[in-house]
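Dropping the structures in below, format is structure tokens.
In what follows, chain A forms one complex with chain B and a second complex with chain C.
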Partner chain A sequence: MSELSLLNNTLLVGAILFALGLIGFITRRNMIVMFLCAEMMLQGVSVSLVAWGRYHNDWGGQMLVVFIIAVAACEAAIALALVLLLAAKSGGLDAMHWQSLREDGVAPFVDRAVPEEVQDDPIWPVLTRSGIEPAHDPEEDLHRSRV
Partner chain B sequence: MSESFLLLAAVPAWTTWLACPTFWGLLAAVVGLYLLVPPHTRRRQVVGGAVAWIGLLLIIADMVALQWPVAAPAPHVVFWVLAAIAIAGGVGLISAQSPIYSAMWFALSLLGVAALFLQQDAQFLGIATIIVYAGAIVVTFLFVLMLAQPEGHSTADRISWGTFPKFCAVVLAGTLVGTVSQVIHPPVVVAAEAPVDDGVAPLESVTSKPAAPPGSLRDQLAEKFPELAPRLVNVELAQPTDGAPQFTLVLRDGDELGVDPQEVLATLEPIAAGATLTTKQSAHNVQAVNHMANLGGYLFSRYLIAVELAGTLLLAALVGAVSMIIQGRLNKEGEAHE
Partner chain C sequence: MNDSISTALILIPALPLAAAILIAILGPKLLREYSHVPLIIALIGSFLASLFLLSQVLDDQQIKSPAGFEHVVNLWTWANVDNAIVLPRSPLGESPYSLTDEGPRNFRIDVALRADALTSMMLCMVTFISTLVAVYASGYMHGDRGYWRFFSYIGLFVFSMAMLVSVSNFVLLFVFWEAVGACSYLLIGFWYEKPEAAAAGKKAFLVNRVGDFGFAFGLFLLWTTYGSLNFHDTLSDGSVDSEKVAAAYEQALENRLVTSPSDQPPTAPSKDTSPAEAETAEPTLIRGVLGQSRIRANDYRTGGIALAICLLLLVGACGKSAQFPLHVWLPDAMEGPTPVSALIHAATMVTAGVYMVTRCSPLFFASPEAQLVVACIGGFTALFAGLIALTQWDLKRVMAYSTLSQLGYMFLALGVGTFVGVTAGMFHLFTHAFFKALLFLGAGSVMHAMHHVIDMREFSGLRKVLPWTHRTFLVGCLALAGVFPLAGFWSKDGILGAVHDKIHAFEHEIEHRREHDEHGGEHRQAATLGQETFVVARLAETTAHSPFADWNDATLQRYWWTYTLLYYSGIFTAFLTAFYTFRAYCLTFWGELKIPAAAHHAHESPPVMIAPLMVLALCAIVVGAAFLDPMNLGHSYFADFLTHAPSLASPVVEATRPLHPEFHLSVAGVSTIVALAGIGLALFMYLGERTEARWVQRVSDLEGANQWTGFQWIGRLPQIGWIGWTTGLLRRSGLGFLSTLVGLFLGLVWLIIAIPVLLVQYFTPYRLSQNKFYIDELYNAFIVWPLRILAAVLAWLDRWVLDGLVNLVGYVPRVAGGLMREMHSGLVQFYALVMVIGVVILIVAQVFAR
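For the complex of A and B:
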């Protein structure tokens, strides 16, 4: 692959990744998915930067990506702490809970119709709630020796 | 056209668009993505996914066709397979109903991106992406999901903000990709033949395939000598006023020329007659064999202050996150006491 076509292809892929992140950030309502989409946009930019650095035979592109990774780690730490607090306050990850922060005179957003849950896809990953003691089965305690 | 319409002048005519497969691919991808984002129904997901992939394959096919013929098809195949993995991860991220699945798709996308980095000889970044992003950031996201939304999914994940924001988002994204693709391969309008005066306005004969761009000297040599391609960084041409022009082949750090210099000179003959040939090792070389040593050298010499700043930023983020959580806990205890 010649250097020019490698640059062209990579720039296109970077733009597509950025665009996908953009769509997700605007359309999704789950705060965590929105942050994942922001990370996706960073990935698109990183891909383009590495391609430019290679084309111009310059280390600057890769250096910038190193710092993008560092800043993304900071951003993830702060954002997740914030999201945890917000979720604890509002009882969910829906960004609509925070629409009271909107400007004066802007009409509130109201969901018109909540679609039925997709019934033919019943297998959802069930997560153990972390941080609390799990429920004990009394029968199990009887036939298990001291653990 | 006046100068104030420069931006408008850069937009090609409608007929040029209609002849361009990338335009139709983008259109299909935009429609497919519009169907893929929430609200979810089984039919929208299947139809949207199919249409989006058709559009994407059309764009890829157009890119490949514009660069055809290629000397070595294998790197192209590898590149597009990796790119398809990365893009599939991105599509899954925005279309998955459960945020857990979104995080998993994002991890897949990261693997694709890391592989793209590796293909471009950015070994450190490829590994760092897997370790830092897929290993640490995605796992932290999953932890927070478990803490904040233990039931796995909620109503808010199945709906969006409504039709208009969705429409704006996909159009914005499509325009972005379209602009980049147009800059990469500008559609070339072939001059219309002499108009025949039969009362009908002549249609512009258009093609989206531009004339093959004159490749750089390096690319020309790489086409001619495939075994030299990975080692050759650049070709410099010095044309002193007194004396013969001189080509300098810049080789990767620690590599030999490995081909007959006379053959190379014969290839370069049409560009500068009677030239001489020398070789030298590249100093600042992103494709060097000792990649890590070079990268570390740059990072801790020229970018040292930035490294210190990044360290300070990490520390500040750490302290900030911890203090936020502590403050939230204090507030909660205060409410419990009241």
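For the complex of A and C:
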């Protein structure tokens, strides 16, 4: 296998990784998934760096990748902490919850899948009387609710 | 020895500056009521250094050099612009010492101090008076909230004034000219919470700007004419070392003789003095405007350009020394604390204009027209201010107008344009500083006792309450009035004598010409007026003939009658001076004892205020006679001392110096009689009942005119029998309109008659004087209000047109941003998508651009 075709193939792998990450970042709304996609883009770039380093017979590319991995680790720590905080604040991992960067006067994006709350019949919580074991759905024991 | 001169010269301004900074830093927290201590110590130090400087100058200038004695210390070069100007070729002067100024010149501002007779005299006077004023102020200002601020300002002022008189460069002169103006502003507005004080400070500052405008233009013209703004000669590398300068001067003179200007083509020499060569070659001589080499040869422009320079400088001098058109700020400046009035607005700062004109004597001597203007402005201001002072009720204002008047005398003396005149002007400056400081401090003492009431109608008969103030004030009044043998007598008499001499010289020349015309002789060749009185032989090369030899008869006649007029107006002013001085004195200290309600426990001022008064009173007695030669009263050691200042050592100035100065007994007699008459009249009118004074006031107010301008007599008309009867008859017979017509006609006639009479009511001699000839009102009507209206219009334009344009420019990005607003949704993924699209567009563009 010639050096050139090795470069080509490796770059192709890098590009695929990058494109997958990019598509994932744009399309997914779960913040952890978005973060993973961003990492994937980074790894795609790292792969192409290694490829170029190999092609030029030079350790510079490899070295840069080591640095990138170190930096990505720090980034991951911070990003995960942020995600944890955001999730605690909003009660979910949906990125759509965080739209406050938008310009004043621009209507917020509303997910059409969420049904609108009807003001007319509010659902009041009903407290179980004490001393009685609360009824629980046997279904819930079988699977965890999706995040 | 020269080093000690330099040290003294630097120490004199540096000590007050150091004190000012120290007080400004430590005053508010640490020094507080002891803030005066560092300043007084520094001022005493400065005064001692000035005395030392004076003695050194006195010693050094005994070695008589042809163009006076000066010692220049170059501290550093402030700015240097290479080849800022190329002076055109100018013809050489008549003197064998003349040099030409052609060629490229660097614009350099040397921070140089100088010691010469004029400077050391001014420094001694300034530091002496300011020391006494500082001592006095420590009592006067006691308990004031801004105590430390006051002494800090005073220190700053003395620094500026000392620098003003000792710098050796026109630019620096201008800088410190402004600095004393700024200090004056700060001190007039010292009680800035008082609206009048703030307004007076602003007025002083603005009026002075008008003068400074002229001064600045004068400097521009000096620079383009003479190619230097230094007073002294320097070398082209900036050195002021006197031996090197002298060597360069000799060299230049030698070169001049080798390449005589007549046999050189006019363009040839300018080529070989290119700037590049000038740098490599030996440093050449750069002649200062008042440098010894220029003064010795009297290389000054005459004619129009000299007149322009002098008049522009005179505008500056008028602003600072409060001469006629720009005098309005000085009386208002009395709003400041009284020690300030004494120090700045009477004794020292206002004399800056006189100092500057004296310093520039060679320039003024080159233009007799300018001297005439100086004399006229001075003479007019003296008379004008004297007339105003007659009727003022405010004790400090009387003194302020008297200051204007005395400054007018000084300008009159400078305008005489002879050695005697200039030195008499300086002498009057010197003596006036003492007795006017004394009078102001005395007025301050009265004010201190009267709890800041200064209106002379509010108090009288204070001689028992304030015994020492009364005695010293009397000495000051006698000196100001010019009574023998006090200081004011000698100096004022010197001025009048100088004018008299000038008239005499004109008369002599006119007489001479008439004789020659009768004998059919050619008067120009033989017109050697003043061979007897003037030292012509001493400087035969420059003044081989009478100063007026090439003037035509009409000019001579014009000058003669102008100076004659000025002489008589000067004598009349002396009468006015004596009168208003003693009017103020009598109103304050004689008559019934009356004390304003505000001052319930009036008492004599503390010793710290009385002591300076006594010292000044002593000076006011002796300082005039002390400088006279007891053998010949016309011969003054003061003038002898000033001869050595380079500006006055100029041959043209020297040529007007009489070989055997005489004391004019006739002039002295006339001025003494006039002064005594003024004093007598004042005493007659204001001692005792003052009925005469009231009578004079009523007459000069044209009191009878008032009854014609009132409206009451119209109401009384119908009561007169026959008028009522006639109109009634007319009305009954149906001809009522006739009486209406007659009434209208009479009303018209009355208007035509009444308007002038109404005006007369405001322009009676008394009211003119009381209202300062309505100069302030004129300024208001013709300058202040038009400017205010203009300012309002411009403010409107600025607000709605210019600001509107600026806001319009600011509005464009807002509109453009508004278009993109909708895209800013806050969704992270959308931003990422836009970024991707952007990158794709870039890549596509890159690919297709290839």
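Just so we're on the same page, the second predicted complex is superposed on the first by the 112 of 147 C-alpha atoms of A that agree within 3 Å, B and C clash if a C-alpha of one lies under 4 Å from a C-alpha of the other, contacts with A are read in each partner's own complex, and residues count from 1 in each chain.
Everything below uses one rule, namely that a residue touches a chain if its C-beta (ideal position, glycine included) is under 8 Å from a C-beta of that chain, and two chains touch if they have at least 3 such contacts.
All of these numbers come straight from a predicted model, not from anything done at the bench.
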Touching partner for A:22 - first (chain B), second (chain C), both, neither: both
Which of chain B and chain C A:4 touches, first, second, both or neither: first
Touched partner set for A:12, first chain B, second chain C, both or neither: first
Touching partner for A:100 - first (chain B), second (chain C), both, neither: second
Residues of chain A touched, compared between chain B and chain C (which is higher): B
Touched partner set for A:135, first chain B, second chain C, both or neither: neither
Touching partner for A:109 - first (chain B), second (chain C), both, neither: both
First (chain B), second (chain C), both or neither touched by A:30: first
Chain B and chain C footprints on chain A, overlapping residues: 22, 26-27, 29, 95-96, 109
Sites on chain A touched by chain B in the complex: 1-6, 8-13, 15-24, 26-30, 32-33, 35-37, 39-40, 43, 46-47, 50-51, 53-54, 57-59, 61-63, 65-67, 69-78, 80-85, 87-88, 92-96, 109, 111-112, 114-115, 117-118, 120-121, 124-131
Footprint of chain A on chain B - complex, ascending: 33, 37-42, 56, 59, 63, 67, 70-72, 75-76, 79-80, 83, 86-87, 90-91, 93-94, 97-103, 106, 109-110, 113, 116-117, 120-122, 124-125, 128-129, 132-133, 136-137, 140-141, 143-162, 165-166, 168-170, 172-174, 176-177, 180-181, 184-185, 213, 215-216, 218-219, 222-223, 233-234, 282, 284-287, 294-295, 298-299, 303, 306, 310, 313-314, 316-318, 320-322, 324-325, 328, 332
Complex contacts: residues of chain A adjacent to chain C: 22, 25-27, 29, 34, 95-96, 98-103, 105-106, 108-109
Chain A partner contacts - residues on chain C that touch it in the complex: 821-822, 824-829, 832-833, 836
